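Structures given as structure tokens follow.
Okay, so chain A shows up in both of these, paired with chain B first and chain C after.
Here is the complex of A and B:
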């Protein structure tokens, strides 16, 4: 459930320029992260092309797509891969707009900022497209930047498709079925649960602090408080580990982790995997023969 | 520092993805030996803590905020091998649940943040703290370990980025992945972390260690490091022997030009640089001792002299700190109030 407190219209103390307090901003960010995970789980349970696939096949095929995108060199083929992620999102009942916004606002924007200098004559000399003195945009520079941004968006898009169309529990079952040791899968499962639990604790800490504050507080005060609370979370994590282990023993844990995996791939799953591999080979063939770099 | 998919070419990410498999196997065996079956919840909680640490916004300069990685702190609390597993798990969960960091780049992110950072930070912490540190020395050691750990990780990331134009480019020389050469990528990553994220990591780690030392010092019990420290001396000797390779590479490191080199590039020497550049004359300029004619031998001798000087200064500082602060920290009652 989305934390109710995180969505109350706030009358929190504000600093210069109407900036909200650090406590409120952090609580909101954490509330948003928790809500996103819960919404993803809901989306993964809905109908759609990707949701209907066996998690092992989906994981393997997305890995094939991500690796294929990393081998592609030409911009037109990378653009086609970006469009393919949007097509798969649409076929899986995911809003193409929210999918694109998510990919662009995180990986895309960061890649754009990171590679922007490489588009200029300062880093990549060549014929100038947009004259801006030493920061003129050159044709080869723009191609380098566009290629990187397109590849990052394609890779991030395939990754996001797995996250948005697969329940975490199914992903763990897929990892287990693909040979990842049970102990690792169990640790991953426990980690996700503990992350959610600790995030709730941290969110409540920040909301509690905000409710006691009349001003946003100085940076020094806030830093001291944050470090103190991080130390508290560290201690609580270490102590909780013992409690969790005792609870595991009480429930009959004897050191082994029997898996209850019962995944069966259907003909459709195998057809999907074969089509995925064939598409990847085709994409790389076109990339190397039609658009040689 | 989370590298997304697309920045590293297959030649780089495949090697790093393959490299983490034996590292994980060794780490698994080491912590299984030390922690037995208790490892599952402990690793899960440590990984969750590592994840949550990155969600805490810490105020820094100019009203902005940043976040710490916490890998060195986890190494101090649980040992470096446990930190490898815990931070790796946190990075895998971040990539698979929160889309933070790429799927193909998981190996690179693990090598940088879950291997280089905790190992560098932990052994530096051990070196400065000694076997029975008091409050002050422990806190200073944690800060130095955290700072150097994150800077070392950022340099590794810079090297990974900087290698891309060399490893994968078009026929005309255009880079196909991360576009900046080593001369730009390494200083950019290192400076950003030396000036901004390094101090933040150090302040957060020192603060948490200070609170834990006051409230629950049992958590900071020194983890065994005698054998790995011997290994560290061996690694240092190996690196010193490899230093003459540096003489073989042409050119000067980016941004480290002398006045004469600047004049040959720019046609003049900036006035301020000309004045300040003559203030100090190094006793072994350009890593070439004046009394040795062979440049390879000279470089090797310079590496030995420099390493001995750094180790000597660290040892003296450690001794001074241990004299000042030689009483073990008292254990106080825990305080969990928010």
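Here is the complex of A and C:
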């Protein structure tokens, strides 16, 4: 079920000069966020290599992959790991383009900004590739930055793939099965539910306003409306929290949150895990022997 | 036989200025099906919360199965366990009541809190899910359900605790006609099983159909009528006075009719 706002996002009137209002942009962002969560659940429930695996195995795989990516030194091997995540995405029915855009534009960009100074002669001296005075890009500096960015992209990409191919409910079950305290898991579940519920509230508020407006209003009015609604949602959130606590008490809540986790690993899951560990050892071996530092 | 609930001069205030209930004298016998009706803000929901030990008397007293129902009493784990397993509460807003990861977890929450063994919990969940025909929802996250499905799951989440007393706040709210009929059938089954039900509603037709006793709360938060649905619904002046029905006029050609009119939904 895709929220109405996701469909009408581009159909609304534009403000002066064709610039969409802050209220509209905020509402669009909310609509798209809800749609993304719901679409993600659809993708996670569909066919695919990663979808078929036990969520605990997938979570454990993140750890194996992250450790492997952290210990690899050579750029070519890191690039192979990045390509491997793209291959897994394709095998899981995930659009490689949208997957790559998402990883590059978030984790990749962040890593690039964080390590940009280390590519300069100021931090890493060496032969200059691009002369920019004290901020000249050096060959060893560029290699260090490229390694870090590739490592982050590989790790974040695999993590994102696990999240995209696992239903939220299964992820939480897996966390519980792997020993995360039930109270923490329950809090995560309630947080997700509360966010979705509040997003729907905001969506409805916006639609109610939109249906009674003939123009987009001034930027000042729109900012005022957004701030006012934020305050309303905050109050509503606190009231809902009280009500939820009452509902928990009514069903006997006494401070602990025991749960029944019913996950069974199959031969395929064990095979995946064994292959993952073996690949990790192989990758680290190649990294150390073929590309020694 | 001990009465299920006895309220003597019971009142509740939210702070010094906001009075929600005032001087309520009421006895609910075991096996009774009682509808509490009243306009918005008359105190129906507060009364249910008091019966469930979620709000407490600020004046007067209330007992449940012969024991005082107070905050201190519910701090006793043995009493709390016994009381919570005996009295179930279905909230008006199903979204509030559904706070677990999946529908399965939701149905298992109450029995697990009661300390039942896992096999027993699983069998209760399967039994209730089958009886309410929600098996296909068990793996879903509650926030992805429709309004009617949420209501079913909310009711199921209480039924797995096998309560003897069921409190329901506006049970027919947000239900489509088919689900309303289903709910009335469920209430009918409980009546035959001898379980106690107290519903708060201003859906007069649902209240009359599912209950054998009707209690009317006034806008001054007091009980102003207590009798069978037939007796209460016959008092049109009283129902007009407490804002449960209103005068409605319309025309048939040249003829103008004026008659009382009841609403089966919340006034905004």
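Just so we're on the same page, the second predicted complex is superposed on the first by the 231 of 293 C-alpha atoms of A that agree within 3 Å, B and C clash if a C-alpha of one lies under 4 Å from a C-alpha of the other, contacts with A are read in each partner's own complex, and residues count from 1 in each chain.
By definition in this document, a contact is a pair of C-beta atoms (placed from the backbone, for glycine too) under 8 Å apart; a residue touches a chain by one contact, two chains touch by 3 or more.
Quantities reported herein were computed from a predicted structural model and do not represent experimental measurements.
Look at A:69: by the touch rule set out above, it reaches chain B but stays clear of chain C. After overlaying the two complexes on the shared chain, residue contacts for A:289 are found with neither chain B nor chain C. Of the two partner chains placed around the shared chain by superposition, chain C is the only one that A:173 touches, whereas chain B remains out of contact. When the two structures are aligned on the shared chain, A:140 is found in touch with chain B, with no touch to chain C. When the two complexes are overlaid on their common chain A, residue A:240 makes contact with chain B and with chain C alike.
Of the two partner chains placed around the shared chain by superposition, chain C is the only one that A:41 touches, whereas chain B remains out of contact.
In the superposition on chain A, A:186 makes contact with both chain B and chain C.
In the superposed pair of complexes, A:107 makes contact with chain B only, with no contact to chain C. Looking at the shared chain after the overlay, A:252 reaches chain C, while chain B stays out of its contact range. Touched residues of chain A, counted separately for chain B and chain C, are more numerous for B. In the superposition on chain A, the residues of chain A touched by chain B in one structure and by chain C in the other are 168, 186, 190, 192-193, 197, 240, 244, 248, 253.
Within the complex, the chain A residues that touch chain B are 15, 19, 22, 25-26, 29-30, 33, 36-37, 40, 62-63, 66-67, 69-71, 73, 102, 106-107, 110-111, 115, 117-118, 123-124, 140, 143-145, 147-148, 151-156, 158-160, 162-163, 168, 171, 183-184, 186-188, 190-195, 197-199, 202, 204-205, 208-209, 219, 222-224, 226-238, 240-242, 244-245, 248, 253, 255, 293. Looking at the complex, you find that chain B touches chain A at residues 4-10, 13, 28, 37-49, 51-53, 55-60, 63, 65, 68, 73, 77, 85, 89-90, 92-93, 95-99, 102-104, 170-172, 174-180, 184, 203-204, 207-208, 211-212, 215-216, 219, 334, 336, 338.
Chain C contributes residues 49, 52, 54, 77, 80-81, 84-85, 88-89, 91, 93, 95-102, 104-105, 108-110, 112-114, 118, 121-122, 139-144, 157-158, 161 to its touches with chain A in the complex. Contact residues on chain A toward chain C in their complex (touch as defined above): 1, 38, 41, 167-169, 172-173, 185-186, 189-190, 192-193, 196-197, 240, 243-244, 246-254, 258-260.
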